[in-house]
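Each of the two complexes below includes chain A, the first together with chain B, the second together with chain C.
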Partner chain A sequence: MDMDAAEQDFSRALVDEGWWLASGIAGLYGWTHAFESLVQSVDRLANAFAAQDGAQPVHFPPVLNREVLVRSGYMQSFPDLCGSVHSFRGSDAEHQALMAAMEAGEDWGPHLAQTAVALTPAVCYPLYPTLAGTLGRDEVVFSLSSYVFRHEPSQDPARLQAFRMRENVCLGSADAVRSWRQAWMDRAQGLLAALGLSVSLAVANDPFFGRGGRMLRANQRQDEGKFEIVCPICSTAHPTAIASFNYHQDKFGVAFGIRQRNGEVAHSACIGFGLERCALAILRTHGLDRARWPAIVRRQLEA
Partner chain B sequence: MDMDAAEQDFSRALVDEGWWLASGIAGLYGWTHAFESLVQSVDRLANAFAAQDGAQPVHFPPVLNREVLVRSGYMQSFPDLCGSVHSFRGSDAEHQALMAAMEAGEDWGPHLAQTAVALTPAVCYPLYPTLAGTLGRDEVVFSLSSYVFRHEPSQDPARLQAFRMRENVCLGSADAVRSWRQAWMDRAQGLLAALGLSVSLAVANDPFFGRGGRMLRANQRQDEGKFEIVCPICSTAHPTAIASFNYHQDKFGVAFGIRQRNGEVAHSACIGFGLERCALAILRTHGLDRARWPAIVRRQLEA
Partner chain C sequence: MTAAAVGSLEVQIDHVEQTVRSVLARLAILADAASIDTDRDLYDAGMTSHASVKFMLALEDAFDVEFPDELLKRETFGSIGVIAAAIGKLLGPR
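Entry: the complex of A and B
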């Protein structure tokens, strides 16, 4: 069976067997209580480690100040994945034109205007602007989770347009954040292996946009800027990233004016679990009938 | 002190005293662990009643199929509040034009194209299309919560652009959903009064758009289509709606092809708690120092 057929079969099974609800849009689903409970269990497990780090919990809505996309370089690297929010600002007459375009089945996007907000592309983005200034300690760690948006409609059930990540973020010196990231790579592999998942570590290969993107991709691989834990979901030949470990160097420190206590620009790293992807890896590995999962996996998830 | 000054003072106090994080955008904030815990407590209380109804929990991301905004009539009634999601779909050359517009501080919205998704305007909207067909029982009830978006930038801390609602939705005959809504109006007033809030019930006055909107507003008042529980937050003269009780008649049944078991079009009602607004009402009523709240209120929230 080729990959596309495997993806469609798994998506259909998730809907038919009571895990997902179809929306009519590729990569956009609702979740039944069974799936949502599994996602919450994964989040609880992933977040249990955060307490060991003394991570400070913080929470953001799924939209952010549009300027963060510009200043962080996101619109340079991933413009095709962004979600800019547009609304209607016109008069009564312009509203009639909007409604007429809609009824005629025409493109009604041009009747709207860009607002000051955009969908959050990665959980940690809204955090950095709140840290402008000097860090309160040599090393600070945050834990946060929210919905993120990536405009990449796909039949692959593991490539959603709207999904959640649990992230931990560390800021401080280059050495401190690098060794923090290394510790997380070790414990995350242990955590996911304990769920019976067949995981391995790989250097990431992000889809930077366009001709300039090829160079950014080569740099990312050469610098080992981002690692991923991958696990087979729809294909063993092309396993899916279910967790990532990203060392940003001083990119966000420079972009948002964040300094270490010694006055140097802060370095940062973030680690993230794709919550729906982890849940899918469990369903793909152990099957869609929860009663038949290994007892040890069920116990882990109920802990 | 006038209302605008009261709003700005309260917003500033929420940030200064460790409840909110500013984003640089009016009506868009992050939440500290203290505020998030309070929101979760309110949600737990509001959701405790759902079990009595045998409500089925269901979960949706904060974006939905754009067509739901069209078919539900939202773009007719509230176009100025909508959040349509736009992304970049162009070539390398068009990307350079986008980046140039951005660097020049020009409007870069026209470089993007409308996608198939929009921000969810009310928690229950993504539910209706999943119910197309005939209801499984005479009366079905769902419980759901998510972030919603309203494009109405404001200095009023109780008028956010991104916020959460806990909703319960009932579908069935007109009589069944009307008496279900009445029962919720009674218990919601009891629940909120038990938190020490000074609440009252009012007929709602939604901001329907434009000249045509005046008639829709008059109809809504005359039909008693929507009630709200209001509570003073920034003004006692203009209390804020913190919960709402909306009888849709057969509007969603017709729009999404939902039928009762006897073949008639289903009627529906939804009741919702504005989670951040309930939290703000508690902070405004009992103060920003949790240690000084009445013991009975703290016990309710910890239950």
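Entry: the complex of A and C
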């Protein structure tokens, strides 16, 4: 079966067998209680490790100050993935023009104006501006989760426009955050393999935009800035990333004025589990009938 | 290659180098673009990855060339000298 057919079949099965609710838009779904329970179980397992790090839990909504997209360089790297929030701010007459455009089936975007917020593109982005100044300890670790938005409509059920990540973020010296990331790569592989998933670790790159992006992709791979744990979902030849491990060097430290206690710019790393993707990997590996899953897998997810 | 041809190639590389420096100066990527050593590592001198992307695109504009995919990597933009050599090759003999 080719990949497109495999993706469509799996999406349809998820809806037909009571896991997903279709929205009519590619890459946008709702979840039944069954799927949401599975997501929450994965999150609980992923987050159990965070406690060992002494990670401080923090919580943000899935929208952020749009300035963060500017200062972080997100718009230079991923302009095609961004989600900017717009709203109506005009007069009565302009409102009438908006309604007329909608009724005529015209593009009504031009009648709206940009707001101060954008959709969160990655869970850790709202965190960095709150850390401006000097870190309270040599190494600080946070745990956070939220919905993120990526404008990349696709038929692939594993490539959603709105999905959740469980992230852990570490800031401190280059050595400290790199060894923290390495420790997470080891334990995340163990955690996912224990769920019966066929996982492997690979050097990866972010989908930087354009020809300039080709250079950034090559740099990131050369620097081993990003690793992913991949697992077959719709294809064994092209397994899907279900967790990622990113060393940002001092990029966010510089962008948001975050310093180590010794006065040097803070380095940072984040590790993230794609919660829906992990759930999909489980469903793909063990089947859509939960009763038939291996007992050991069910036990872990129910514990 | 004749002595005259070698001479004209040197003139061309010199000219290319000057233009590379002026692009670097215009983008204000490094403070000492005009005087920085031809072989000095630009990344060590403070050029970020994002700055190198801007630099690459501006160089394509300035020389009306397009870097082929295999040159879109850090090493190509490592120093003024390396950049000038790469652009010299793209421009070909004039």
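Just so it is clear, the second predicted complex is superposed on the first by the 303 of 303 C-alpha atoms of A that agree within 3 Å, B and C clash if a C-alpha of one lies under 4 Å from a C-alpha of the other, contacts with A are read in each partner's own complex, and residues count from 1 in each chain.
Simple rule for what comes next: a residue touches a chain if its C-beta (ideal position, glycine included) is under 8 Å from a C-beta of that chain, and two chains touch if they have at least 3 such contacts.
The model shown is predicted, which means the values in this text are computed figures rather than measured ones.
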Which superposed partner A:126 touches (first chain B, second chain C, both, neither): first
Chain B versus chain C, judged by how many residues of chain A each one touches: B
Which of chain B and chain C A:205 touches, first, second, both or neither: neither
Partner chain(s) touched by A:82 [first = chain B, second = chain C, both, neither]: first
First, second, both or neither for A:216, with chain B first and chain C second: second
Which superposed partner A:162 touches (first chain B, second chain C, both, neither): first
Which superposed partner A:73 touches (first chain B, second chain C, both, neither): second
Chain B versus chain C as contact partner of A:30, first or second or both or neither: first
Touching both chain B and chain C, residues of chain A: 76, 211-212
In the complex with chain A, residue positions of chain C that touch it: 49-50, 52-54, 56-57, 67, 69, 72-74, 77
Complex contact set, residues of chain B against chain A: 21-25, 28-33, 35-36, 56-65, 67, 70, 75-76, 79-89, 92, 95, 98-99, 102, 107-110, 112-117, 119, 126-127, 129-130, 147, 149, 151, 153, 161-163, 209-212
In the complex with chain C, residue positions of chain A that touch it: 73, 76-77, 211-216, 218-219, 222
